[in-house]
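In what follows, subunit A forms one complex with subunit B and a second complex with subunit C.
Coming up: the complex of A and B.
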């Protein structure tokens, strides 16, 4: 191989003893800068979009007539639009950005073909935008978490492939043979998504499946996206950032790998509700594997707990650690809540209630988005070589996000259990529905807090990027004008 | 393990496992389901595809995300056996006596559905009116098959004809959301299936049985708050057109109470999607007795075959 061309994407390492020297972190960061800026900024914009739609949906419970004359803004459309903007616009997009950066840093190599990643990111964003507009226009597929119509799904898929392919190549070009646990998680995540996404879309929107087989496949997809993919990337970030920011060794590589195996072997079988009208073996299998998920949660928790030496991450002064600590706490709570509510007797109560919505948010937001916020707050200043313009807003964002999650998830969990208990008796339905309203009102406050945090996030991120490129432009301008002056001065 | 290919293989096989479990197998198992016969009526295939307008309504239901608030799957916690009189003959006192005797039976015997004082009163005044009122009618509920059979025998001995009913029970059914649990067969021709995951609003699996009147559905869609004050269901006014009354008022115009009525000279008529949606709602019925979700439909079938069907169903379970 030719070490003079370390960026050539086609280098094949045929010997592990003959590795080119590792690349310096600042060079790696420079290679990641533009693609990550594109990914993170668009993710932040989607986050705000999701908040706006989420708030509209939330307000409709206080005033059902709100915006009711517009088909585009009816509850059954803005809600999936909000969820899709959140999941595909923010979670997956920002998660991919963090994943690519970790892969480059851990492999001590530059990001392969940054321009292709940017093209992929643009394609992805075009797809999500087409999908959200499609949903608002009434083109939803009717499958939860998979609402984007076929044309949008195709763009999303293509965009992902473009980004993931260069991610895999970055992994392959690594200059450090020894793999760190996070690389396992990330590598698996990179191709997990295209598989589940293409399967679900091809079967549900293409070839077609009969009857409840469609629902089973949709449940399988949702579980593999929300439980497996998010955990693969989120845990990779936790295992990477906690030791790094604390300047300690990860307590146990084996515990981490155990979590990896548990996740891919068992968590991928979850998702079929205990009462689903399908052959009984399917929900039974899901219940068993979901309950086993507790082992994953314990393994992760013990590992991080030992790594920090028992200190609470949320009390650290580093804001990234605060976010990641909150994410880990949510991960643990969600893991236990999922295991308990998977049990048929409990599921009987919590199914169909607001509890599931609260738990869902605690997973993709309380866990995943929080960890990703923490990662982004660390990564972006590294990329730019500058601090955030408003460091106080970072702390404020943590405060609003954590409070927002609490105010959203706790009332819905409590209200959902109350609702579920009442559903166990032949109580008049109208009374049950009325009983949930105070809890819904409280959750709207949570929505508002989170939205406020998203504004701060975007302001800080946009501010830093603006500051950086403005500085660059100014110095380029200064250089250009300076040259002209000397040139003019010569004759 | 420091090799990418190994991680790839690990993840590949893990995902291939769950893929074959939850994508391939359901296709083979549920995808191969065929129409089945309903209990008691061997010629009736179930389910049948929706009529055209209702099928279009499914699309409106999907596009507007009704499934985010409405489930279409009813649960049941079990079934109970009920003993119904189908024919009380002409000589009633012995039948009443038999019923009273059964009511006084040991703890595991059948429980009486009709209040005891009522039975006692019936005995003193001949009881014909009560016995004959609305037959076939369930009088006893039994926890075991043996108990039920013994009770039926006792009633036959007293000169009555009795029948065993299988009655699914559970909170959903008690609330009137259906007569049995939902099963995979109910969704056989549905595309996309929208079983729903939330019950912000009532379950709609049997909406058509509950409310077959399309006009009332239209009214509810236009202004849900009319039917239930404080309903959180959003109004679907965009599915309706408010227009100036032409030469004659449209026969399709909604009859609206004053609080939501348009100004004088105007009328509100449903657009085609609204009519399709209402037809869809009226078509929602998942109550056919199936062998894997048995129930006995009272009255319709002749006593003998119905009892047989119920017995077969119960033994098939």
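Coming up: the complex of A and C.
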């Protein structure tokens, strides 16, 4: 049989593999517009809410009597409320919005069922609101990062499924055969959260795990959410926006593949502190895998460094690249700091100090939020086909955010190490705790700076959305009330 | 679709979706990965306690294990401190310096450091009358504080006294205490300094 014969089984008929033609970017953006506006605007509102609660908690260190009469606003409730509003209200929500947009754009297809995504987003926000109010009302479960009461957790979970399902379907309907790097990360992230959230909630609240098992599960969940999920989405955005905005190829698909598998295989084992009162193999495994996380950080950094040709992203004129550059820098710092402080000799000093808190906040605000800001500042004008109403505020936001992150992260790190060294030879605990106050004051200034930046973000985002829909409403009104031309009325 | 112009000033003009280059992994990162993996396996082997659910703090060497053992030769020593602070410390002081005019010190005391057969007798039946301790004259009425203690506790507390605060005398064994108890029978009369000095 002639192998070149049209019916030959050796010839792959291209036509049988042909996918429908790519959808134009405008059409994709139009399909994403409303769901993303809902997600981003509510995320911005939650971000500000989290800042407000965080500030209340922060002020209590300087004036313990502040709002102390109200049970709803005691430190033990305000602080978890702030963390949950930040995590579930902002990080996951805005991250999902960016993820859905990237999935649609990279798949060259419209977002599947935008209305269902909106319903999912509403369900999610209802859940977060119920959760934050529940925490303030005293219904916290007491597990770190999982404080939301069961009814709120169920709503949050349902909302996520409703959004992620259409994300997976968008991925399935893609019209570009070759997958880009970011798609691996996003696809993994879509499945990662339901897995960890349902497992942690079911085991802790459903089956009622007892004793040290509770702490182990809560550590596992926090690590998987804060280290794995945030990195999956954040790195997807870095790998997408850096080459796109520079109009270059990403340096190496294999380096990205290495970062991906290192993250998937190793990062999810971390999080159990070296001194945890559990059988020795658990914290030891955590130490080893956290140190191996350095490879992920190096692989990501080298890849981006080679893509930009060694130029610093923070010094580029594009504000999105500035934000993403700051996010990448924080990612590198957090990665190395995690690896070093995982080692038992160092962990002994830094655990139970402000260093750990500072590192966690740097991961939220320095890495993830910065990358997401950069992404949103690019995406939203694309969706709207309009500029932000206050372009200067975007730059101002970058500088306040970057300065704010520096101002809280550096004092907390330095103060935390000093505190940890003093605690090694503890004389009077209260004196050591008091000694950290100057550092806390500096970090409150950082909090304030960041809160200011968040206001700028909300103003610009809200302004653009308002401007866009106002324009639409006006033109629709003009169209509806326009005089009917006689020629049209009587054909 | 949308007739409005694409944004140009704030964000970059719309560009094609990104693609990834096919440049292979640099060799050094693979070497680094395997070095870290090697370290990880060695480290895990040292500290994991063999996956045992009962090992919380594995020791890497016999030297480290020995560090956590009570000092050899004086196994009663640690318990002796507790007994001392409960029974003796109130009068003789946790520093072993005693109370001026009431309770003699143990530090550099010829009674505490001397013949254990005399020392063991004091807590078993008490002590009364004038006594010379470390160059000072005391007039005592010490009750039989140790009569109710079991042999090993009494041996531990006496060893503690003889080996603390710079004292360096031989340990007292439970067997010695038992022997002295048998010798004095059910004596309740407190000793005097002369009676004790007569004992060898």
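Following the convention adopted for this analysis, the second predicted complex is superposed on the first by the 466 of 491 C-alpha atoms of A that agree within 3 Å, B and C clash if a C-alpha of one lies under 4 Å from a C-alpha of the other, contacts with A are read in each partner's own complex, and residues count from 1 in each chain.
Criterion: a residue touches a chain if its C-beta (ideal position, glycine included) is under 8 Å from a C-beta of that chain, and two chains touch if they have at least 3 such contacts.
Not measured: the values here are computed from a predicted model.
**Student:** After lining both complexes up on subunit A, report clash or fit for subunit B versus subunit C.
**Tutor:** clash
**Student:** Touch test for A:378: subunit B only (first), subunit C only (second), both, or neither?
**Tutor:** Second partner only.
**Student:** Report for A:277: first if it touches subunit B alone, second if subunit C alone, otherwise both or neither.
**Tutor:** Both partners, subunit B and subunit C.
**Student:** Tell me which touches more residues of subunit A here: subunit C or subunit B.
**Tutor:** B
**Student:** Quick one: is A:170 in contact with subunit B, with subunit C, with both, or with neither? Answer first, second, both or neither.
**Tutor:** neither
**Student:** Going by the contact rule set out at the top, does A:285 touch subunit B (first), subunit C (second), both, or neither?
**Tutor:** Both: A:285 reaches subunit B and subunit C.
**Student:** After superposition on the shared chain, which partner residues are touched by A:145: those of subunit B (first), subunit C (second), both, or neither?
**Tutor:** neither
**Student:** If you stack the two complexes on chain A, which partner ends up touching A:433: first (subunit B), second (subunit C), both, or neither?
**Tutor:** Only subunit B is touched by A:433; subunit C is not.
**Student:** In the overlay, one of 114-122, 204-212, 240-248 or 258-266 from subunit B clashes with subunit C and the rest don't. Which one?
**Tutor:** 114-122
**Student:** I'd like to check the shared interface: which positions of subunit A are touched by both subunit B and subunit C across the two complexes?
**Tutor:** Residues 178, 277-279, 285 of subunit A touch both subunit B and subunit C.
**Student:** Can you list the residues on subunit A that touch subunit B in the complex?
**Tutor:** Going through subunit A, the ones touching subunit B are 16, 60-61, 64-65, 68-71, 74-77, 79-80, 138-144, 171-172, 177-179, 183-184, 187-188, 191-192, 195-196, 199, 203-204, 208-217, 219-220, 224, 261, 264-265, 268-269, 271-273, 275-279, 282, 285, 348, 351-354, 356-357, 419, 423-430, 433-434, 436-437.
**Student:** Flag every residue of subunit B that touches subunit A in the complex, lowest number first.
**Tutor:** The touching residues are 1-2, 4, 7-8, 10-11, 14-15, 17-19, 21-23, 26-27, 29-31, 33, 62-69, 71, 73, 75, 171-172, 174-175, 181-202, 224-225, 228, 230-239.
**Student:** Please output the residues of subunit A touching subunit C within their complex, sorted ascending.
**Tutor:** The touching residues are 24-27, 29-30, 105-106, 108, 176, 178, 180-182, 239-240, 243-245, 247, 249-256, 258, 277-281, 284-285, 287-289, 291-292, 294-295, 298-299, 302, 306, 318-320, 344, 377-378, 381-382, 385-388, 391, 394.
**Student:** If we count contacts the way the header does, which residues on subunit C are in touch with subunit A in the complex?
**Tutor:** Within the complex, subunit C touches subunit A at residues 1-2, 4-7, 9-12, 14-26, 29, 32-33, 36-37, 39-40, 43-44, 47-58.
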